[in-house]
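Read from first to last, the chains carry the letters A, B, C and D; within each, the first residue is number 1.
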Amino acid sequence: MTIRTLMSTAAALTALAGPALADINIGASISETGPAAFLGDPEAKTLRMEVEKINAEGGIIGEPINLIMYDDGGDPNKARTFATRLVEDDEVVAVIGGTTTGTTMAMVPVYEDAEIPFISLAGAVEIIEPVKEFVFKTPHTDRMACEKIFEDMAARGFSRIGMISGSDGFGKSMQAQCKDVAEASGVEIVADEVYGPQDADMTPQLTNIKGSGAEAILNSGMGQGPAVVTRNHTQLAIDAPLYQSHGVASKQFIELAGSEAAEGVRLPAAALLVADQLAEDDPQKPVVVGYRDGYESETGEDVSTFGGHAYDALYILKAAIESAGSTEPAAIRDAIEATSGFVGTAGEVNFSGDDHLGLTLDAFEMLEIKDGNWTIVE
Amino acid sequence: MPELLQFLFSGLTVGAVYALVALGFTIIYNASDVVNFAQGEFVMLGGMITVFAHAAGLPLLLAAGIAIAATAVIGVALNKLAIEPARGAPVVSLIIITIGASIFLRGVASLVFDKQIHRFPAFSGDAPFRIGGATILPQSLWVIAGGVAVFIALWLFFTRTLTGKAVLATSNNRLAAQLVGINTNWVMTLSFALSAAIGALAGVLATPITNTSYDVGIALALKGFAAAMLGGMGNPKGALVGGILLGILEALTAGYLSSQYKDAAAFIVILLVLFIMPQGLFGARQTERV
Amino acid sequence: MRLSPRATTLLVLAVLIALSPLMFPSNFYYRVGSLIFMNGLAVTGMVILIGYAGQISLGHAGFSGIGAYSCAIMPVQWGIHPLLAPLLGAAISALLAWLVGRPILRLKGYYLAVATLGFGILVYMVLMNEAALTGGPDGITVADSGLPDLAEAAGLDLSNSQFWYWMSGLVLLAGAWLALNLYDSPTGRALRALHGSEVAARTVGVDVARYKLQAFVISAVYASVAGSLLALQNKFITPDVAGYMHSIELVTMTVLGGAHSVLGAVFGAAILTMLPQVLTVFAEYEHLLLGLIMMLVMIFLRDGLLPSLMRLIRGKSE
Amino acid sequence: MSDLLRVENLGISFGGLRAVNQVGFSVKPGEILSVIGPNGAGKTTLFNMISGIYMPGDGRVVLNGDDVTGMRPDLLARRGLSRTFQNLQIFQNMTVLDNAIAGYHLTESGSLLADLFRLPGARARVRAAREGAMALLARVGLDRAAETEAGSLSYGKLKRLEIARALALDPKVLLLDEPAAGCNAVETEEIDQMIAEVARSGVAILLVEHDMKMVMRISSHIVVLDHGEKIAEGDPATVSRDPQVISAYLGTEAAEAADA
């Protein structure tokens, strides 16, 4: 009947778009649209661009990659369905993706059940803690960002800090992590405010933080909210310096906030943003410069660390398949876990049985915005 | 006291944006009894077209003008292609048609433009005015002025001009309006053009504050709709008051109670108002005719 | 023998549920099937609210959220048996619907739409903000219900997707049976009557407020159970299940397929559930096409897809 | 016999406009009381107040000895008051038969659970209502249209369907708002006879009608409204001779009717 017809149409259409069977099927479920689109968009573009590049250079162990990428729109339920589709229908050997923590966590049970290695591009620490056998991730955790920021605050002598967080997954997760590690890092959170990701004005929240006597302010959030917070921070002439999170690590943030308002804002981020400022002998330099130049010339857009996460995931996977010499999911998983000394855009990755993130705090640079540009804080 | 003043300034800024969106709802509703859920996309288009025209090298004013004109044309097209053919459909069908239109416009925008967040510079710089220990950005004044100006213009339009009265007549009784010689098709075209233009103007004025991207329309339509219903659908005064009230409510809740639940507070107040005044604050009371 | 419309609907549903797997190329289709049935269940409730009673709700995903989070929270926090959680969730949804429905249902048209919308958003915000209980925006893991294991112990060797395909198929059948029973019952007639003319319904003795409330509560229970099933299958749930877009989706499925009949609405649920899967071939045009389809159906097939299709078929055979 | 329905000093204003003012009358079982008057005299408004659709501004409505002023229509229905509408209020989304069964709502309805699970009790009640409805449809000549969508019926048939639905309640008081409007002479006569028949069974009937011949023929009592005020009252003969009535409204038509 009609349902059947549609089903088989769907199957036929997928088959049409589908691969020759010898290819290496790599799956991806990315939030190309929806509230996390500005993260997912560069991720998807990076994956397409880099897969094309790898295939042009002869693929992995002689086989071309067939990238099967779905747009989950940031909806975890949809992501979950695509996960099943990737596993059952597309028969992928590994999956990259999960732009957000929500979509990632929704997919995890599927890949764990099917024993397919999965490299997430989302931030929260719960993705890899506790360690799940088949789940890895490339971005630094929000907990690490908190620690890096608090470390810098403590070094500058700030102990009373105010937090203002986005109410989306990223903001809330980081807010919780920061509150968790605050005491151990020697800072006290004296104000804790929240805003909606689409809010136009955060002066009430910042006014309250200003009144709380906070010596520094941390904004955990991604998207357009942090730009508004930064402008409002300047508008209210708040003396306490503003810290942003790694969630705004793209040039776009400075444009949105305006270089005047963004002046002096600090944030922890990967070296990708300051590729040119890295020392010539820095092992990361060729990687980040290469990726940045490739991305910017291909898309005409500024590079962001989000696309970098996808880049890292793809090349970790490539290296793992090569070292495993096999496209068996279990073998790939073992090879991923054995990754060591991999230099990506986020830093040096060393996975192990009890660490599926593989990055240390050193991988973060503390950046400060000066004259509309990122500089490394020494 | 400076806190309160700051909260009020914040509420005014945000509320003026809501009010502009709500005013856009008003005209279409008045002419056709349709609540256009794609109104938020008009705001988005106003902002995005300006951004890209400006980036292409046009001066900001010209870019804004083009954005408003182009959005008005899109509004007319929406009416001709989707609303007119569905005349007489039940409320729930109209809701789905206009939501479909909003998804469609969003999809087109993500293709024609991009999925990144954009902004263009504020009209009069970013140096805030300081009043009584609180601050307000010049762009906020632009938005507030825009809201008030559109309100006054609409009020004059509906009460003082023949065309405006024709719009109201069309909404009251389409057939009767036709019988007295009103070209109701033209009234509909005009209403959608005006509505879309006001939405686009909101986008142009607000983008330096709110930023814009292809999907800002959803949240704006939601708040604008809520504001319009709070004030009473179809009444420009209701739209203005509803919008500002909603903005101030959110700011005061964020300032004094909990920033977590500021959106919740807004909706609780809307629910309470509707329970007591089922037609909103300024909505016309309707008697059942049998 | 001529079958009543009620029996026909049930038969068609049962046959579709039973026979569709014969053409599934892979396990993935069980997943899509189970989603169709879960959405179909929620939408069957919407038929009672929109199709029978003529009321609109843009907040019913809120009840799905309550059903889903009951399954996530109750067993872990309060030690309630995982199979009891969906029932308790449904009871909470019913109670909440009864409480908010009384004042809300006095409103009409767009005012009712905004009030229900507000209710849905409030539920969503609680799920987002009360992170200690709900896990916040990043979601929460749902404990295993033990049901698939039970099936396995009973000798049924089913994958997770397969199990939930059959489970939700059965629940959908039960839900459809109840909704169809209601149609030609005094309550169903009273609901349809107040849909047709509230004034006339009153004058024949229908307590309009009471019946609207009943429809609201019943549809809330349907949405809640659908949410519970989703949570139990996914074993992970986020506040999106209660989000505004999900509410809109439910209404769209209902009206797109044909709000006046259970079969029509379930058909709408099937179309809209499969659409994103089919549209993946068009990648970035997906949303554009979805919007276009919504508009075209509502403009040109005003009664919904299924009634229009049936008319077409009948028209041809005559 | 005592009054079944008594209206005392009933009045209402809409935004400063006095639509009905100080109107009073009473009806006994088996009586047919007609309310007449020019368009806009306030007849339908009066009906809407009596049947609980509008809250009266002042005055009282007494049904069977109880004050029921402003009571909800569904509660009035329980007390035996039923009505039809000038501008048809048909359930267009339902079949003709379902429309008629809906009239049996009060006797048909039971518990929600019984309905959901199709318990035997509910099915028996539905069966009884269906039989009653079929009989009523036969009485108004619509039994052959039972399964058609009500929306597709002609105006005259819809009028009769509405009367059937109102009768399904087995009312003590029946309010008929222009039952013969839009009907041809034959149909009018049928309706005419039906009303008389219903009245004979002991129902008190309140009638608004523009067809003066019909009014003069069947009314036991007439109340004349003009601009919301009662200007005359009495039996058809008396009213039709009332000079105030003639000048206000009736004119030659009534004179003819009186002669006939």
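As a working rule, a residue touches a chain if its C-beta (ideal position, glycine included) is under 8 Å from a C-beta of that chain, and two chains touch if they have at least 3 such contacts.
Model, not experiment: these values are computed from the prediction.
Between subunit A and subunit D, the least number of touching-chain steps is 2. Of all the chains shown, the one with its CA centroid nearest the global CA centroid is C. Inter-chain centre distance (subunit C to subunit D, centres taken as mean C-alpha positions): 42 Å.
Separating the centre of subunit B from that of subunit D, both taken as means of CA atoms, is a distance of 47 Å.
Subunit B has its Cα centroid 35 Å from the Cα centroid of subunit A. With centres defined as mean CA coordinates, subunit C is found 32 Å away from subunit B.
Among all residues of subunit B, those that touch two or more other chains are 110, 260, 263, 288, 290.
Touching of two or more other chains is recorded for residues 32-33, 167 of subunit A. Within subunit D, contacts with two or more other chains are made by residues 53, 85, 89. Across the complex, subunit C meets subunit D through its residues 178, 181-182, 184-190, 192-193, 195-197, 199-208, 214, 218, 260. Across the complex, subunit B is touched by residues 50, 56, 58, 103-104, 106-111, 113-115, 117-119, 121-122, 125-126, 129, 198-199, 244, 248, 251-252, 255-256, 259, 284-295, 298-300, 302 of subunit C.
Note for the complex: subunit B touches subunit A at residues 3, 6-7, 9-10, 13-14, 17, 110, 114-119, 121, 126, 128, 135, 137, 206, 209-211, 213-216, 219-220, 251-252, 254-255, 259-260, 262-263.
Contacts from subunit A toward subunit C in the complex involve residues 1-4, 6-11, 13-14, 16-17, 32-33, 70-71, 75-78, 80-81, 84-85, 87-89, 100-102, 105-106, 108-109, 113, 124, 126, 167-169, 172-173, 176. Only residues 16, 20, 23-29, 31-32, 35-36, 128-129, 131, 136-139, 141, 160-161, 230, 234-238, 240-241, 245, 267, 270-271, 274, 276-278, 280-281, 283-284, 286-287, 309 of subunit C touch subunit A when the two sit together in their complex.
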